[in-house]
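Here chain A shows up in two complexes: once beside chain B, once beside chain C.
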Partner chain A sequence: MRAVRRAAPLLLILPSLLLALAVIGYPLYEMIRLSLADVSRFGQIRGYVGLANFARVFADPVFLSALLRTLEWTIAVVGGTVLVATPTALILHQNFWGRSLARTLVMLPWAISLSMAAIVWLWAFDGDHGMVNASLRSLGLMSGNVQWMARAETAFPVEIGVGILVSVPFSVTILLGGLSSIPGDIYEAASIDGASRLQAFRFLTLPLLRSFINIAIVLNVIYVFNSFPIIWVMTQGGPDNSTHILVTYLYELAFRLGRPGPAAAVSLVMLAIVFSFTMIYVRLQAREQSA
Partner chain B sequence: MTRSSAWVAAAAAVATMFGVAARAETVHVTAAYYSDKTGPYFDKIAQEFHAANPGIDIKVDVVNWDSLLQKLQTDISGGTNPDISIIGTRWLLDFVKDDQAEPLDGYMDQAFKDRFIGTFLAPAQIGGKTYGLPIAASARALYFNKDLFAQAGISAPPATWDEVQQDAAKLKAKGIAGFGLQGKAIETDVYWYYALWTYGGDVVGKDGHAAFAGDAGVKALTMYKSMIDKGLTEDGPTNYTREDLQNLFKQGRVAMVITAPFLINQIAAEAPKLNYGIAPVPKETTSATYAVTDSVVLFKNSKVKKAAWKFLDFLFTKQPRIDFTKGEGFLPTTKAEAEDTYFTTNERLQTFVKLLPSAHFAPTVTGWEDTAKAVSDAVQSVYVGKAEPAPALKQAAGIADQALGK
Partner chain C sequence: MTASRMVLRSALCWLGLSPLLLLVIFPFAVMISTALKPIDEVLAWPPRWLPDHIAWHNFADMWLAADFGSALLNSLGISILATLLAIAIAVPAAYAMARLELPAKDLYRQFLLVTQMLSPVLLVLGLFRMAASVPLGDGTLVDTRFGVILIYGAFNIAFAVWMLASYFATIPRDLEEAAWLDGCTRTGAVLRIFLPLAVPAISVTAIVTFVAAWNEFTVALTLLRDPSKLTVTLRVVNLVAGRYSVQWNQVMLATLLATLPVAVMFATLQRYLVRGLTLGAVK
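What follows is the complex of A and B.
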């Protein structure tokens, strides 16, 4: 009887658990199958080749440099996003005239699809007619035009900047939610105790906001790590593969070069990376809670 | 209309609907989006065909070039592919190897084969069988801006690469970007093949090995790189796709660009005042151009092959061909349309047609896409100054050989 009672919750969630397993499991199964096979462009399996697809991918210098660049990309975009979003959220949390307008403006980029945003920025950074070059010229900061997208040294930082910009609204939303959950009276208490505003920020706001910042980091890492449109629209991973991240490399492999097998292998590697990151995060969370 | 007559009409409409539905076959066609004229053209052809063959419905899907192969790939994997599709002829081998394309020889009689200009039918023949019909064909030539040339005191288009450099230097002195060089996205490799071929080189040799890293290749790439270094091209070629270059040319901001005949129609629509001429691709030792065909293929798993063939038969008759080729600005692929005065009296198009005997087609070999990618990467690395021509090409040849299975 007791055993049944204990199993009851499990039984109750069983249908949705099974559904979730099917939805997640089937594509994963397909992916693993493809990654072990010699697959034609049109998905015909010509035979199983063991780990040859993985070996081939790991032997590709473009893959290795894309892997490193993905890390740079993720760290730079997520780090930049948090650095921009935190002060933005703090400001938007204050009471000031026109706050709702400011909030709307900050949120607005979220309403634009990533590809559209990337296209607009590509135009803005156009070497000949772009608004960025025009502004820099009229400010007298430079005389000629900069061909931003012609080299990785300029193109990749621009892409990171766009990545930060489009990730900010989402992070600000999370942080604003966090800020509104902090009760106001602790600040009153702190100011009575003589805490300066900086101290109040360091010892009250930041610790209380920390779990929200963590959420923002984790979700952003997952999004940004897999973010395809910005780089694909702006440089397609070029010139000479110098702006590829894993997901653009994967796309090129699967659809340009028509090799679903190695592409499946790459996506499994990506899955493993994101998964291990999530695991680290879960561990950190658990440690924090027990501490 | 009275109520009873409305009922009769409705009943009649329902009856015809069912009547047709019982007999009708539907042929699904995927067409590539060439321009805003493509959709209306196929709609019109489908209607005309349906009027003559009421038992057959033609459903046309127009798909963007960039996503066409991906769409077909997904459709085929899921078994929901169309009956007929336009594809890039260079993709054909993959379709044939996977047994997706139906050999068309059984459907064609000699008279049908004779409709085509032989050069254009050949690229879609693999192992002695014809798998595709050439729906679109183009070649490449040098567009030059006559006004900019006049400003720099140049009277005739350059015939050799030396002359290109001299002219570009004169244009540069006037502050004009001389030679448009493509360095971004699809066909970056092709833009360099123009030089490679005219220096007497080739992409893939007769033995099936990568041949582009030879002497001709190194010379051609060194020549392009020196032009970039001397400022004889537009600034930052790796920032310019083929479309970007064409746009620069339309705006009169670059004096020379090598591209396909369809730019003629674009200029007529977007920059009608542009004063330009068309000349053969500049040469070094040999004359050359790149020719491309797109093919219509019939899928092996189609259940309405007869009806589909009937549509193809109609598509390749004189008037539909003329409408298509004129509208999109391609070269004629059938003899009947080539005889039309629109083409015979069109000097600009004739420049392209005359280049055809020296045209190179993309070979139908496994690994062509990989070779194109390896070459594009190599020339880009040279254009941005990351690598020297000889080692960059040698490395690309290694990658290409692997992909070519050598």
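What follows is the complex of A and C.
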């Protein structure tokens, strides 16, 4: 009887472990195998080649430029998101008329799938018929039409903008949670001590919010680094490989170019990066809880 | 606070939010405006927000061109079954996390965290090979809705356990303990006392999982081939990808129909979500 009671909790988590083993563990094992093998385009393993796939990948200029672009993409999207989300959360934390409507509107992009958002913006930025060109021209900001998606110099910033817009709601949510956890009486104490509202913001709100901003940054880095649909739907990494980030490059290697070995190697490099960010997140959380 | 200060503050807040709100509303305006236009107005320059003629036939045209009915059924079936799978597996696990003495609880927590951080796209090649190695009927799991359901279920478990456990911890133990005293077995107390109290938490988690499955793109893109099995997201993307001439009015109508139900559902539940997600993300 006691043994049953001891085993019961393990039995309750067992199904989740088994499913994860089958759907996450086995694919991971397969990818490690592929990354070390010479694989035909139909997935036949012809022999093991050690780290040759990794060497090939790191010698590939498309990979290196995609790696660099992933860095730009992640920094720009996450940075932009935090810059937009922080003031937005601070405003939404105020008490004003129509606040719940404003919150709902700010959260709205969250409900839309990334691929649908990408399609709508692709059409909005259409060079010949799009509403963006039309609006900018009617505001007098441009004289001719811009073919936004035809060149990386304009297409990639557009993709970054869409990335920021869809990441804002999640970050606002985290920051609002942080703001509501700050007890109101410290502000009263500060005002009794003669602190101005600006000082209260500078010396109370910002430092208390910082740990939540850190968490928002790390979680966003992980999500944005992995973000596939926006770039895949809007430019498929083109024109001429000029908007590839690692995920889109990996997908193209695996399913368009038929090179499973190198694709698996890219996946594992990315997994290692995600894993190290996850560790940073664990650290931050631990510090947050002990503070 | 005086009324005039409240007016001023409200005006300032809305003013501060206006650039972001404009960007949030813009795509919806584009969707609705384009979806209602006949194709000659869609391709006219300069485009106008309000159509001269409302093209009601876009609806029927799009429905046929995208085989939208069967795509809706596929999305609905896949999302519901994936949600049921994730919930059925996550509820017991979350109960163990929140209520029982789980050996190696920290290890399990880290396992959840790591699986939550793994996005399917990083494993997509392995997922494809996994599906190809499982025989089912005449073929394998590749190009089956069942394979997609299994993968969606698995990738949503970490989040569901996380969210459910943080809610479960807020349900008071006293009621269950009182039931034991009245001679109820532990299982009986869980079924009759605990689960009814947990219904709101389970519904919120189920809806988030449903929305995630409904919106998913990468796994469906990789696994599904047969046009009759495609989900709504894939169908809509296929109306655009690789086409020489795109019927943008149909595409926008399709994105609108794919988006609106989920957006409405999400907007009404947003309050609960904010609570649950911050619990999950921060605590």
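Here is the rule we go by: the second predicted complex is superposed on the first by the 252 of 291 C-alpha atoms of A that agree within 3 Å, B and C clash if a C-alpha of one lies under 4 Å from a C-alpha of the other, contacts with A are read in each partner's own complex, and residues count from 1 in each chain.
The criterion applied here is as follows: contacts are C-beta pairs under 8 Å (C-beta built on N, C-alpha and C of every residue); 3 or more make two chains touch, one makes a residue touch a chain.
Remember, it's a predicted structure, so these values are computed and weren't measured experimentally.
Enquirer: Should the superposition on chain A be reported as showing a clash between chain B and chain C, or a fit?
Expert: Clash.
Enquirer: Give one of first, second, both or neither to describe whether A:137 is in contact with chain B, with chain C, with both, or with none.
Expert: In the superposition, A:137 contacts chain C only.
Enquirer: Is A:43 touching anything from chain B or chain C once the two structures are fitted on A? First, second, both or neither.
Expert: It touches chain B and chain C both.
Enquirer: Mind working out whether A:73 is in touch with chain B, chain C, both or neither, as first, second, both or neither?
Expert: So A:73 meets neither chain B nor chain C here.
Enquirer: Could you say whether A:109 touches chain B, chain C, both of them, or neither, answering first, second, both or neither?
Expert: second
Enquirer: Should A:54 be classified as contacting the first partner (chain B), the second (chain C), both, or neither?
Expert: Neither partner.
Enquirer: Counting touched residues of chain A, say whether chain B or chain C comes out ahead.
Expert: On the superposition, C touches more of the residues of chain A.
Enquirer: Does the superposition put A:98 against chain B (first), chain C (second), both, or neither?
Expert: The second partner, chain C, only.
Enquirer: Which partner chains sit in contact with A:150 here, chain B, chain C, both or neither? Use first/second/both/neither.
Expert: In the superposition, A:150 touches chain B alone.
Enquirer: Going by the contact rule set out at the top, does A:249 touch chain B (first), chain C (second), both, or neither?
Expert: A:249 sits against neither chain B nor chain C.
Enquirer: Between chain B (first) and chain C (second), which, if any, makes contact with A:128: first, second, both or neither?
Expert: Once the two structures are laid over each other on A, A:128 reaches both partners.
Enquirer: After overlaying the two complexes on chain A, where does the chain B footprint on chain A coincide with the chain C footprint?
Expert: 43, 128, 236, 255
Enquirer: What part of chain A is in contact with chain C in the complex they form?
Expert: 6, 8-10, 12-13, 15-17, 19-20, 22-24, 26-31, 34, 43, 84, 87-88, 91-92, 94-99, 102-117, 119-124, 126, 128-131, 134, 137-138, 165, 168, 170, 173-174, 176-178, 212, 215, 219, 222-223, 226, 228-229, 233, 236, 247, 250-251, 254-255, 260, 263-264, 267, 270-271, 274-275, 277-278, 281-282, 285, 288
Enquirer: Would you pull the chain C residues touching chain A in the complex into a rising list?
Expert: 6-7, 9-10, 13-14, 16-17, 20-21, 23-31, 33-34, 42-47, 49, 88-90, 92-93, 95-97, 100-103, 108, 110-111, 113-115, 117-119, 121-130, 132, 150-151, 153-155, 157, 161, 211, 214-218, 222, 233, 236-237, 240-241, 248, 251-252, 255, 258-259, 262-263, 265-267, 270, 273-274, 277-278, 281-282
Enquirer: Write out the stretch or stretches of chain B touching chain A in their complex.
Expert: The contact residues of chain B facing chain A are 69-70, 72-73, 76-77, 94-95, 97-98, 100, 183-185, 235-239, 248, 253, 369-370, 373, 376-378, 380-381, 383-384, 386.
Enquirer: Which part of chain A faces chain B closely enough to touch in the complex?
Expert: Interface residues on the chain A side: 40-44, 127-128, 144-145, 147-151, 235-236, 238-242, 252, 255-258.
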